[in-house]
Amino acid sequence: MPQTNTTARLLITCPDKAGIVNAVSSFLYNHGANITALDQHATEAEGGTYFMRLEFQTPHLDLSRQVLAKTFEDAVARRYGMDWTISYAADLKKVALLVSKVDHAMQELLWRWSRGALPCDIRCVVSNHPDLQQQVERFGVPFHVVPVTKDSKAEAEAQIQSLIGDCDLVVLARYMQVLSGDFVAKWPHRIINIHHSFLPAFVGANPYQQAYDKGVKLIGATAHYVTADLDQGPIIEQGVERVSHRDDVETLRELGQDVERNALARAVRWHLEDRIIVHGNKTIVFS
Amino acid sequence: MPQTNTTARLLITCPDKAGIVNAVSSFLYNHGANITALDQHATEAEGGTYFMRLEFQTPHLDLSRQVLAKTFEDAVARRYGMDWTISYAADLKKVALLVSKVDHAMQELLWRWSRGALPCDIRCVVSNHPDLQQQVERFGVPFHVVPVTKDSKAEAEAQIQSLIGDCDLVVLARYMQVLSGDFVAKWPHRIINIHHSFLPAFVGANPYQQAYDKGVKLIGATAHYVTADLDQGPIIEQGVERVSHRDDVETLRELGQDVERNALARAVRWHLEDRIIVHGNKTIVFS
Amino acid sequence: MPQTNTTARLLITCPDKAGIVNAVSSFLYNHGANITALDQHATEAEGGTYFMRLEFQTPHLDLSRQVLAKTFEDAVARRYGMDWTISYAADLKKVALLVSKVDHAMQELLWRWSRGALPCDIRCVVSNHPDLQQQVERFGVPFHVVPVTKDSKAEAEAQIQSLIGDCDLVVLARYMQVLSGDFVAKWPHRIINIHHSFLPAFVGANPYQQAYDKGVKLIGATAHYVTADLDQGPIIEQGVERVSHRDDVETLRELGQDVERNALARAVRWHLEDRIIVHGNKTIVFS
Amino acid sequence: MPQTNTTARLLITCPDKAGIVNAVSSFLYNHGANITALDQHATEAEGGTYFMRLEFQTPHLDLSRQVLAKTFEDAVARRYGMDWTISYAADLKKVALLVSKVDHAMQELLWRWSRGALPCDIRCVVSNHPDLQQQVERFGVPFHVVPVTKDSKAEAEAQIQSLIGDCDLVVLARYMQVLSGDFVAKWPHRIINIHHSFLPAFVGANPYQQAYDKGVKLIGATAHYVTADLDQGPIIEQGVERVSHRDDVETLRELGQDVERNALARAVRWHLEDRIIVHGNKTIVFS
């Protein structure tokens, strides 16, 4: 179903018990919400963790947002020990992109966004190089250069933070710097990175060279949430492309860029539409 | 979730209205059924047709099957104008395969079935040629030859029917005969065919020759329910494989066989697990 | 192998006979050309049509281009009845794009071209609508509007022709007008169109609506040379994407756009690198 | 082109120099061989390693096999420092399969072989368990049980070797034992293994459990030549399948088996048709 201005989304994580669907759907029905999508998942047949994503339409809701939240907590969530969030499609998430010199991932996001295919508010693009300025400003998006050196990393991160501080999501669209643990801790499960390999293969630097040296027959890309552990955060989406002995490193890089930009665009969209729940080091994606 | 012996499945089609999830989940909860999977779909944002598939576990049900059905009809289904069925994983569907001379589709189904990956009871294989007898009997499945000529078609179909009469599903695993409208009418949405092209391209005879002559760069296969209209029934599943100018008709046929057997195996499994609802000439597949 | 400034490409079509590889490679070797890629194909094991693509490096050629051509014709080609062409990577092909209102296919080509991934000289973009002007001019490419109505078609085509007259290749990047047979005849196998379906399925208008109505489980796109026969020209490349009952027509269109732009970009690149030979209504693609 | 009884294949590895195509094709032409397929590859634009695969038809050869080999060595190969082999499609390679308890990979190979799609002579299947005996003998192939324990490994390998000693190719179709370096050394680049992960991810034991724990969104399989280094030999072919959070380890295993058997079948076929050249730890596959 398309996401409209009256769509709200409820994400729930809780211990699995009988009666949850009933409790949640009764609550929403009784307050005038019309459920238009419902997905659920349980880690075990019994006694595991339960996850749910609901979309509902708000026009006939009989409660304000604030009262809805409080009432849901009191009437349902507490009883089942739920972690939950409600978000509203009308509240566009504020997004910052971090980039370096290569443009393919950023260009794909900005282009999709410009034609309405990424429902968010792209606040700015921050880069450690000036190369992409013109390409960003064409889309009417502010562009900031924050150079990073070994010695200036802390200051640079402070500066980035002041530029993007109120954003809901940070997307590393081939930002070639490793963020500090402190920085990452400020956006838990709200920084998405695109790694240019099929993780967990080829962690770290220059994965296309690694793939070439290994002689793999498929190359890949991985969109994942960033955690303190480099290239180890929860995987959101992966893609692959067939390659052969004919492809040199440069060709792998070029083919890989198409995989990267598509995997990243899907991951960002799912995040924006509240389709992802992180559980431990894994994701549930209700796509 | 794996399908267990205590799994039941409820399929619903009805006009879309607010409150359906709530009504159904309340009913099941109140009678001791634990919902372990739930999918839904609506054709329109509002006022369309609504489809639902629920899996629930039966150990704590407080009603017999018969009473459950009657109570659900009286308490929920009638109110919402539902078409619905409940089926039980423990009741294996009875399946007949119709084949001719080529074995790949049949072999794939029998092999998956023999290792427990197709939950059904394969009652028999009927062919218009004797070629595959030994291959079928190896699996402990009865094999019947019913030759078909232009003049004997009616009798042949009568004979087939007497052999497979109580089956729940008929799978045409490359059965090269066109079934009569009368025959088809006896198994509405319960005959699955594998057509060796990406429908609606290359309807009719010899699709690989057609594909070769056309010079397509991908070949496909389509699993669909059989209706009176040749190769036009509701599509369940499709697959494709990349080909090139190097591939002659024979190679297309060989590559295509891998696509056919996999698409057919998926379609049959989805049918056996009650994941498919037919709506008009299309399918909803809760895979 | 990457295409460099010193790369030349020889394409040959001729009746299949023994000795062709030897004749061609001897000729090139004896004149100082170093063969760096060689592909061949024959339609039959014997007595069919033979196709060959060679890449060779020119630095040590002992003949001028003109003399090379004449000598090859006299010494080799005439003897085997060859249709052949030699082209030079250093001579960028001149390309015109024809578009209407939607931008995805054009944007993909311009973007790839701007980063050096489409070796050609994009001379201009012509549209029957003004919408994409800014988007084209950003790339430094001239943009022309030539409106088309039923009555003005002949004049419009004359005007387009005067704008793009010396181009080597015309790409219809979702140009929503049917070109006349006269126009098409001027660029034999040098107009590439992207059709938004998996041909031969869904010829004609609004293929995504057709695909939706049919309930297919995969949608596709087809890049093909344009001939007088609408949507029937030789197929160069096809792509597909999996869809489900959840996808409405608008979503099919959006998913399809990604397939379209990638299939078209591959087809155009192969044409630019002289990897395609048309034979009857089919293509040999030495990709 | 289909491989016929009169097809011969020449594989060449040598330092890249100008004139090789010419030298080889002249030689073959002058001795009555008709070249029906030709592929080549060079690792660098200049000065790298050169690889070639030629298919030629033998009916009009003017030399015996032995004389052809000697003459080719003297007239061409020595001059260019070539490693080369000529093989004849009429000489079916002798193949042994090593298996344990799971049947999917073995079954796929035996079934394809039984219908003529794997041109070889399957001499026997050896297993460390008796489970698959009946399934093998149905195909008319001898089945041997050679149990392996920690202490009996050397004897077991000796016994296996005496059973398969004259085979040209050993296929590990999910043989769950690690072969000793001595054993491996006896079949250099002539043992093919299917590893049930997308290498280099998930080396070692229980890769589906590893994949599940990591939460990957695609699972894969890798067919590779076995070397002394576990799971590190030259990769021949890889495949992947999309998975989601809904798939438990058992489902990953089941989905993975389809990827495994197809990747292995392709790899074995390419080996049998002499399409693979090993170079360092990588493969050139002229598929």
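Every chain is named by a letter (A, B, C and D) in the order it is written, and numbering of its residues begins at 1.
The working rule: a contact is a pair of C-beta atoms (placed from the backbone, for glycine too) under 8 Å apart; a residue touches a chain by one contact, two chains touch by 3 or more.
Treat the numbers as computed from the prediction; the structure is a model and nothing was measured.
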(message) Going by the touch criterion at the top, tell me which pair is linked by more C-beta contacts: A-D or A-B.
(response) A-D
(message) Looking at C-D, A-C or B-C, which one is a repeat of the B-D interface (more than half the contact pairs shared)?
(response) A-C
(request) If we define chain centres by averaging CA atoms, which chain lands farthest from chain A? Would you check? (result) D
(message) As a quick test, compute the distance in whole Å between the mean CA positions of chain A and chain B.
(response) 37
(message) What's the distance between the Cα centroids of chain A and chain D, rounded to whole Å?
(response) 41
(message) Multi-chain contacts only, two chains or more: what residues does chain A have there?
(response) 1-2, 246
(request) Provide the residue numbers of chain C that touch chain B in the complex, in ascending order. (result) 41, 198-202, 214-218, 220, 234-240, 244-246, 281-285
(request) Could you pull out which chain B residues touch chain A in their complex? (result) 1-2, 4, 18-19, 21-22, 25-26, 28-29, 34-40, 42, 45
(request) Name, in rising order, each residue of chain D that touches chain B in their complex. (result) 1-2, 103, 107, 111, 115, 117, 138, 246, 248, 250-251, 254, 258, 262
